[in-house]
Amino acid sequence: MADTKLRIGILGASGYSGGELVRLLLGHAGVEIVLLTADRKAGKHVGEIFPHLAGQGLPFLIALDEVEWSGLDLDIVFCALPHGTTQEIVAGLLHATGHGLVDELVVEERGDLIAALKSDVRVFDLSADFRLDDVATYAEWYGHAHLAPDLQTEATYGLSEFARDRIRASRLISCPGCYPTAALLPLLPLVEAGQVDASDIVIDSKSGVTGAGRAAKEEMLFGEVAEGIHVYGIARHRHAPEIEQELTRAAGHAVTVSFTPHLMPMNRGILSTVYVRLVNGATAGDLRATLLSRYADEPFVAVVPEGLAPSTRHVRGSNHCLIGVFEDRVAGRAILVSVLDNLIKGAAGQEVQNMNIACGLPETQGLGQLPLFP
Amino acid sequence: MADTKLRIGILGASGYSGGELVRLLLGHAGVEIVLLTADRKAGKHVGEIFPHLAGQGLPFLIALDEVEWSGLDLDIVFCALPHGTTQEIVAGLLHATGHGLVDELVVEERGDLIAALKSDVRVFDLSADFRLDDVATYAEWYGHAHLAPDLQTEATYGLSEFARDRIRASRLISCPGCYPTAALLPLLPLVEAGQVDASDIVIDSKSGVTGAGRAAKEEMLFGEVAEGIHVYGIARHRHAPEIEQELTRAAGHAVTVSFTPHLMPMNRGILSTVYVRLVNGATAGDLRATLLSRYADEPFVAVVPEGLAPSTRHVRGSNHCLIGVFEDRVAGRAILVSVLDNLIKGAAGQEVQNMNIACGLPETQGLGQLPLFP
Amino acid sequence: MADTKLRIGILGASGYSGGELVRLLLGHAGVEIVLLTADRKAGKHVGEIFPHLAGQGLPFLIALDEVEWSGLDLDIVFCALPHGTTQEIVAGLLHATGHGLVDELVVEERGDLIAALKSDVRVFDLSADFRLDDVATYAEWYGHAHLAPDLQTEATYGLSEFARDRIRASRLISCPGCYPTAALLPLLPLVEAGQVDASDIVIDSKSGVTGAGRAAKEEMLFGEVAEGIHVYGIARHRHAPEIEQELTRAAGHAVTVSFTPHLMPMNRGILSTVYVRLVNGATAGDLRATLLSRYADEPFVAVVPEGLAPSTRHVRGSNHCLIGVFEDRVAGRAILVSVLDNLIKGAAGQEVQNMNIACGLPETQGLGQLPLFP
Amino acid sequence: MADTKLRIGILGASGYSGGELVRLLLGHAGVEIVLLTADRKAGKHVGEIFPHLAGQGLPFLIALDEVEWSGLDLDIVFCALPHGTTQEIVAGLLHATGHGLVDELVVEERGDLIAALKSDVRVFDLSADFRLDDVATYAEWYGHAHLAPDLQTEATYGLSEFARDRIRASRLISCPGCYPTAALLPLLPLVEAGQVDASDIVIDSKSGVTGAGRAAKEEMLFGEVAEGIHVYGIARHRHAPEIEQELTRAAGHAVTVSFTPHLMPMNRGILSTVYVRLVNGATAGDLRATLLSRYADEPFVAVVPEGLAPSTRHVRGSNHCLIGVFEDRVAGRAILVSVLDNLIKGAAGQEVQNMNIACGLPETQGLGQLPLFP
């Protein structure tokens, strides 16, 4: 039955998200990794850059430009490339020939690629390149024009629990950012239910360092991060427009949120504390009921029992998101707390979940790991 | 000139705040430590429980009940005892004979103490026992009647920068909690100035572990804290009424706040992110101007330059509090961020500062240490 | 086929090793957990003490004395009880009626237990109670007479890779300590091969905190452990006699080692640096060859490629042990480095491996998790 | 009296050692910082790169090539430059005109410098460029010929407690490495006393990350360091020849040591565990007596009481070195443990101590900070 396994390529396999993808897919019986690219680490074996994944029979890392697409016979491509470099690549992967800036590039430079890839290849992208529906918003936040605007219209914002049908129908699934996933899972059902005021939402998020990737930057050195916490990107973090896009969709009117990320001295995990104003007579208990009902059958999202407070250490290493609901002591307000592992439910795990959905596999396949505590 | 040094006793010297007091006072040329008590560790030398303070010629630790008060000739007593045990002790220290529950205790059991202490001894208390003006509020939050209600009327809430005159006039100075200090320093000037809506304040605080003390509790083990963050005491943390008491005083009307503490995997530091709604036409720039003006001459409080974000690691080991002011992307809102070392400006350092104020010493004496980074 | 699953009881399920056992066994298709005991946390659900294991359909925790053994029909009992309390329990579990101190206890107090348990129940013990063959050595190091000396003669020291036959034949398998496992895996083959001088071995070990268990002790608080390292138990750590017992067996003569443990600010992992003197003309290359050959077919032990240095972070969360071999710059000496996860290969994982061996299951079943990095 | 302060320049002020120098010297009443250089961060204020040092009236950072030496009137230059770039600079600073490769450089390019500097300027170098007496050994370990061999003959290896006379007489004091300081302080007195076998020494060292500097390298990211430990540079770390140079001097014959460094998840601190063989009838007690006697009058080195084990957290932030002495359970062996703060006694603090010695100031001036715990 080996020949029925989905053939997987991972572009950008040497970062933290790429490493998690490899780890998860090695434990997934329905797939086979046949391509790993990494430009700066081309020529190395996975065991050199991820010693914890040594000895698993993986292909060597090659540079993206050196890939011989012909014969790879890929069913699935995961893109874990840096933001801003993905649009052109994905356009090539998907034979995009629309009216964007990449048209000529695609035609001229990626001809072999187009010829080699299956027509039904699916792309799961972990970058931010295809998360914003509105290419003008993209340009505003990312500082350059979108390179594949036509393709953007095809892209699905893959918050798994809210996009299953679209994911099944799409050949380009964009993984939500880690902060948006943590914020949207508690908020979307409540905004949809009209229980909270979408115009008065404060999202205070605390993240471990791996969300910033594996690039060597002074501010991410152990010496700069350990034994401290700091705030960053206040009122201008690129995950804010994603959160607002989805809340706007749910609310039916334009939503702007206060969103403040903090960097914590830990490797994995996001905890978001969300302050909301209750409307339409809703109580904190009503919010809890809405969330319990909404997620009752979800394998990866759970509301913790009353009185317990979610901790990132209870989801570390898993695809779980836990949500707590609390009555605020300020009348008419409530507090939501969500936790997840930013590299899994906030990145690689959610894309594997999306792959399972898209390809008709059991949604939990390859994602059964319980959290690792402590 | 040695005989002109203030003679200091520290009650409860074996915890983290007590250790910091000892450390700071060892570097203070105007004082001499003559008494250290610690019940569970009585009989030990400081070097056994705080090896970093060995070799400094300190007295041995003795049990509180074993103290021979006569002859100690104390000028100053610092209380770093657990919450709830301090009221009776302080009443005894201060000859309190009011109408509280401790009257008889004081008369009968503390007679020697009363006789032995100077009539002008001052008490600086680091516990929560004398922080709340209203003894009914105390009883509500701490679960038992206040044991020294008359003495409470004498106590000064010692947020140094806002209480100098009262500190000088008082013989009982209560140190604000670490969270309240971090929240009030950015908020008080703005509430006083009427620039923010006191009824719409969200305070999201992140603290290192030493704020929870040195008691052996499972939930404070390294294995339970490292590599994770969790929320606790949502809407029911005992520091909320302190914050509200002082904001109410500043606002002139009753204030209730959303206050949510989080436990972080670090030893020292609190970062508070405060979300406010602007009123009376104020802008974020106005808030910055107010804070810059208010703290221009303060040695320990500073507003960081625009664009920089405060980090706890830049105040670690110092008595500094840094404040940042940011425009929110939600119209009409602003975000304040404060950082301090919970054991210093949030506890021992602030009380040394208060002692300096009360005793007419230079306010910065013994508090000159620059932060230790990294 | 559900009725063919091995029925498992875990005694002492609320500590870190117990939690890992639960986690690993939940991922093991051949077993079913039917009993969880925990004295101090009796009556609680696993989800309260290990929120990461909530929602898995596990039984409630009960006190050991409250267990109704009849009807449990246990095939396997894992003991993760504190040292010193296990001998009596295990004697009861195994109907031991030898000449030890527990005889009467067993006969009188454990009659129901004896009647209720299957005659072929197997016990896998994670404590130190049955690790030392010589009960006099036990008494010397543990401060009291062995309570079940006859049973000790039946116990197997379960270093999986060196004891498979004995494990299969035994009904009482004692899991080696975490430090001994890390020391013996690199050393045993070399001592057996006569390539290193067994009388000149220095073992310098560094461990994460979970090896010390989950008991609330001041010295294990985050504040006492983070941002520092200290040495402890120099020349008197209880794992030394275990290491010496097995090296003595391999060398054929009495062996004493220098063994020094250190406590590190991390949750999981042991790294042992072992300094050896080469004999019989052996080189560091010969040592490498011996280890490569010895572990070529082992699923959980590997020698890292020349030039790479093992790191605990590359085994975290897995049952792996990695070994490095290095030529020392002092002529005639070599350095070995081993790493493992103290809670898995150093405890729960090794006992699951032993259970698989003993019960004829695939040795790697339930132990397939790749390390979690970062 | 301000004009009597020593005028200080710090070259390479933006790294961790440079930052510590600035911090310590700001607390030193006898000096004034008048020059700070940093090439990559030229033009910035210290407050931008070290926010904890903001507001202290320090000069802006300038590039080394942009310094206007004339008028600075420097008494002291501290070099905290990267290894390998210092020899030429120091040669210029000291008018060196010997027979090394830098002669022409000095004459041609550094003419202004030579003219501008006082003839009696002293240089304190924190790099490794002048630590090895033998320029051939330097070339072997550092991969290039020494650029200032004549100047090397003038350099003093500034292990403060062992080189006071030489330090006073020298204009170029080279600060020992952090590992060598931690190893030599316990070993030198014992080797000098002939109590340990200098040919059988194992030094197992564990260091925090700041010893590796502030350069942005992938392997020093928080994600690569936290929650793990690894060994590196086995048998080939550049601090080994320094240790051997000084032990050879003390022993009177060539000494080679086993030296193995490990990287720990903490910011500051080195703990070295040193395994020695006793000779000439010495016991562990004799070693303790020798060290107690040797360091009885030293302000910064202490032997901890019997039974206590040194911890890095008890020296953090101070210039202290603590040493423990333990009997090994292997007959004829003993174990020494030393701890220090690698950035202070292992770098900046030791050089300030050396400056005090060289310039006739009280040796402890500016170094009185007690350790910061926790």
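The letters A, B, C and D name the chains in turn, as written, and every chain counts its residues from 1.
Please note the rule applied: contacts are C-beta pairs under 8 Å (C-beta built on N, C-alpha and C of every residue); 3 or more make two chains touch, one makes a residue touch a chain.
Note that the structure is predicted; figures quoted are calculated from it, not measured.
The chain with its Cα centroid farthest from the Cα centroid of chain D is A.
Across A-C and B-C, the chain pair carrying more C-beta contacts is A-C. Inter-chain spacing, taken between the CA centroids of chain B and chain C, is 46 Å.
For the pair chain A and chain C, the distance between mean C-alpha positions equals 38 Å.
Chain B has residues 16, 210, 223-224, 226-227, 265-268, 310-311, 313-314, 316, 374 in contact with two or more other chains. Against chain C, the residues of chain A that register as touching in their complex are 16, 19, 23, 26-27, 47-48, 50-56, 210, 226-227, 267-268, 302, 304-305, 308, 310-311, 313-318, 322, 368-374.
Residue ranges of chain A in contact with chain B, taken from their complex: 202, 204, 206, 208, 223-224, 226-232, 234-236, 240, 256-258, 260, 262, 264-269, 271, 273, 275, 309-314, 316, 324, 326-331, 333, 335, 337, 339, 374. Residue ranges of chain B in contact with chain C, taken from their complex: 16, 209-210, 214-218, 220-227, 265-267.
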